[in-house]
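Here come two complexes built around subunit A, the first alongside subunit B, the second alongside subunit C.
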Partner chain A sequence: MGSSKPISIKNLHVLFNGDRSKHLHVLENISFTLDADSFVTIIGPSGCGKSTLFRLISGLPTKDSCEIGGEIKIFGKEPRVASEDRDIGLILQKPTLLEWRSVAKNMLLPLEIMGYEKEKGRKKVNKLLKILELEPYAHYRPSELSGGMQQKVSIGRALAYNPELLLMDEPFAALDEVNRRKMNDEIIRIWKEMEKTILFVTHNIQEAVYLSQKVIVLSKKPSRIYKIVDIDLEYPRSKVEASNKYYKYIKEIREYLNEATV
Partner chain B sequence: MKRPTGSFFLNIPIKKILLVTLIIISIIAIWEISLDYFNIPKRIAPKPSNIYEFIQKEFFTEHSSRYQNILIKAMYSIRDALIGFVISLILGTFLGILISRSSYIYSVLFPFLFLTQLVPVPALAPVIAALLGYGFLTKISIIVLFTIFPVMIAVRKTIINLPENYNLLLHSYTHKNKDLLRYLILPSLVPTILSTMKILCSASIVASIITELPLSVRTGIGKDIYNSFNNQIIPRVWTSILLISAISLIFFLCISNLEKYINNKYKYGQF
Partner chain C sequence: MKQLFKKYKSFLISTLSLLLFFLLWELSLNIFDVSKAVLIKPSDILETSIEDYDILIKAMIYTAKEVLPGWIIGNSLGFLFALLTYKNESIAKPLIKGSVLMNSIPLIALTAIIGGIIGTNRDQKILIVSLITFFPTFIITLSELTTINEGHKDLMHSYSATKKQILRKILLPKSLPVILNSVKITIITAIFTAITAEFFGGYGGIGIFILSKKGLCNLNLVWAGISFIAIFGSLFYFGFEFLEKRIVKWQRN
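Take a look at the complex of A and B:
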């Protein structure tokens, strides 16, 4: 991957061509880069195009009627190529686990598709189960786990093939406050331990400040980058979340979001 | 926590069995009495005692071993129904996958297959017979044509209704159709195929019997029912109908229990 940035986006714009010449400008002039091993969060009002941006970065198929301009590079490659090269680990809003496979087999899925040797794959998954503290549940079915645990399995599945970049689309949105906080701590622990670059999408300001080193605030449609806020707080954030500085960041981002929605 | 494993075997409470037995006995008794009471002629409906006498004669006398009884004839019809059933299931699943993956193939294939559903089987039989002859091949083709449509539609519907997040996830791992098929599409289709099998089991038996009438197949219970009716051997007609119904019911119960067992144990297609 050399010295290429995990994510480099230049002048990205997306236009949806609707019926009867109705065009919808979703993203406009989006440019940013992510450094290796960084944790960056994208935040914006509902429907601002966060998920479209997420799809484009992930190399996932977009609507046929979509016009895309500008450049997205993942480690210097097209997103689809990066996805095929297993540089990207995807964690979606829903855990998206296959009920007919056990927890361990769900985590093994990408390795099976990649044609990994069975024994080698199993060892890798066992190691991950240990790191994620999921060992006792290896043979459970996904529906037998809580929402937080299911999301943990989906994180494990994304980590199974050791991608350098993790893309997370509101992964804890469906969890209650207590579990969300637990999972936030968990994801920071994984990020520190495994030295990954993480791009996290959320609409929760507290979560954005708690997790990341940098918060990108998007405006309403047509979405532009309204502000990029560097979060200069030490980890673990649980130690500083009662500080004035922490609340100042939350207040600042809330104000930016309010301005960006007008 | 104990995981539900499902059971392939029937687990019917004794009370229910007794109740069903009582209902059947009552129906038979009312049937027997009312035919005498209302003076209903034998050519319309035989009495249960006539059917019983026929069954005795057909299956349990020396006479029965000398010729092909209705059970053997029914087995020929069931064999053909089973062949049609399996072909329909495999071909229907394949075509269902094909039309769900390509809107072009869907628009070409669908109207043609839909048309075959509008034409009654006896009307279609001579057309196919002109191409394939009046025998086995035509019979199987008609059974397949009669039963393939629900399989295709159910398979297509399941595939196009797969949750988008699953499609996206699999796309992030692979762009190969064979991987999508193996890891997502085929496991998701298991419950659909199993429930379609329940519809198909009786439909294929019905198609097998109806198809025998316009074709020159000699063995088969459909032809036998037709000949027996023409010769006014009414107890034979009714016994054949009861036999076919019993076989269809057993077939249906087996598939129904197989469906419960597989769905409970393997959880395929559950999101």
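Take a look at the complex of A and C:
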């Protein structure tokens, strides 16, 4: 991978070709980069094209009537190529676990598809189960777990093949406040312990400030980058949560979001 | 004890209500003194069934040898055709239309047509049963294999999974419970199809047995035949359901 940045986006434009001659600008002039081992969050009003941006970075297909300009590089490669090279781990809004498989077997899925030998795959999964503290649940089925635990398994599944970059699309949006906080602490622990680069999408300001080193605020459609805020706070954030500085960041981002939505 | 009761609750309730039903039947015939030509008592049916169980079982086995192969062939072909065509709409669509057409032919007409071509032998019944059971399993398997959860689709895309891997890891396991359900339901269809076909000619089987005893006005044996069909059907159906629950364990909660 050399010195290429995990994510580098230059002048990204996305146009949906509607039925009428009207073109809908979804994303306009988006440029940003992510450094290795950083934690960056994208926040924006709902329906602002966060999901489209997420799909483009992940190398997932978008709607066919979509015109894309500009450049997205993941470790210097096209997103599709990076995805084939297993540089990207996807964590989606819903856990999307296979209900007929146990926790351990769910985490084994990507390795099976990559053609790993059974023993080798199992060893990797066991190691991950230990790191994620999921060992006692290895043989549970997804339906026996809470929403937060299910999402944790889906994080484990994404980590199974050890990708450098984790892309997370509002993974904790469906969780209640307490569980969301627990999972936020977990994801910070995983990020530090495994030295990953994480791009996190959310619409929750608290979560954005609690988690990230940098918050990218998107405006409403056509989405541009409205502001990029560096969060200069130490980890774990639970220690500085009550500080003035922390609240200032939340207030600042809330103001930007309000301005960007008008 | 309480747990044991809970486990077998539905079984107990259905058995008891069935017994109650037979008891009421028996009692009301006794009380109102109904003629044997109208309705027979369960005790008479039981007596005849025990007396003539050997010929009844022989006839039932004959029919079972039509039902089982037909059911297996029909379901396997339905599954196989769906598997071969799910990726290709231009083949699947005419096949669906064809099987809809086939299934809208009345069973009587179908029996007559096939009987005219290959005779009213056992092969005819097997063929009819396979044609009838093919349809639901084919349609259901096809619709299951052509729908996929968007999240699973994205995930498999990001793993660069091949079509074959998506089939094996996602589509087949997620379709299994629904397909097994269809296979189970066709058990009943298969049994009544075979017996109806027998009514229109054949060389043996419980349908022929009932028909001939009816001709002789031996209503006891007619009813004994009917109860043997009911027992065979239930055993087959619930036996399969027992297996099904063991195969798709994850569905239970």
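Operating definition for what follows: the second predicted complex is superposed on the first by the 262 of 262 C-alpha atoms of A that agree within 3 Å, B and C clash if a C-alpha of one lies under 4 Å from a C-alpha of the other, contacts with A are read in each partner's own complex, and residues count from 1 in each chain.
Note that in this section contacts are C-beta pairs under 8 Å (C-beta built on N, C-alpha and C of every residue); 3 or more make two chains touch, one makes a residue touch a chain.
What you see is a predicted model; the values in this text were computed from it and never measured.
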| item | value |
| --- | --- |
| Partners on subunit A (subunit B, subunit C) - clash or fit | clash |
| Which superposed partner A:46 touches (first subunit B, second subunit C, both, neither) | neither |
| Partner chain in contact with A:244 - subunit B first, subunit C second, else both or neither | neither |
| First, second, both or neither for A:100, with subunit B first and subunit C second | both |
| On subunit A, positions contacted by subunit B and by subunit C | 58-61, 83-84, 88, 90, 92, 94, 96, 98-100, 109-110, 112-114, 141, 143-144 |
| Subunit A contact footprint on subunit B (complex, rising order) | 1, 3, 163, 165-166, 168-169, 171-175, 179, 183-184, 187, 266-271 |
| Touch list for subunit C against partner subunit A, complex | 149, 151-152, 154-161, 165, 169-170, 173-174, 176, 248, 250, 253 |
| Parts of subunit A lying in touch with subunit C, wherever the complex brings them together | 58-61, 83-84, 88, 90, 92, 94, 96, 98-100, 109-110, 112-114, 141, 143-144 |
| Subunit A - residues contacting subunit B, complex | 55, 58-61, 83-84, 88, 90, 92-94, 96, 98-100, 109-110, 112-114, 141, 143-144 |
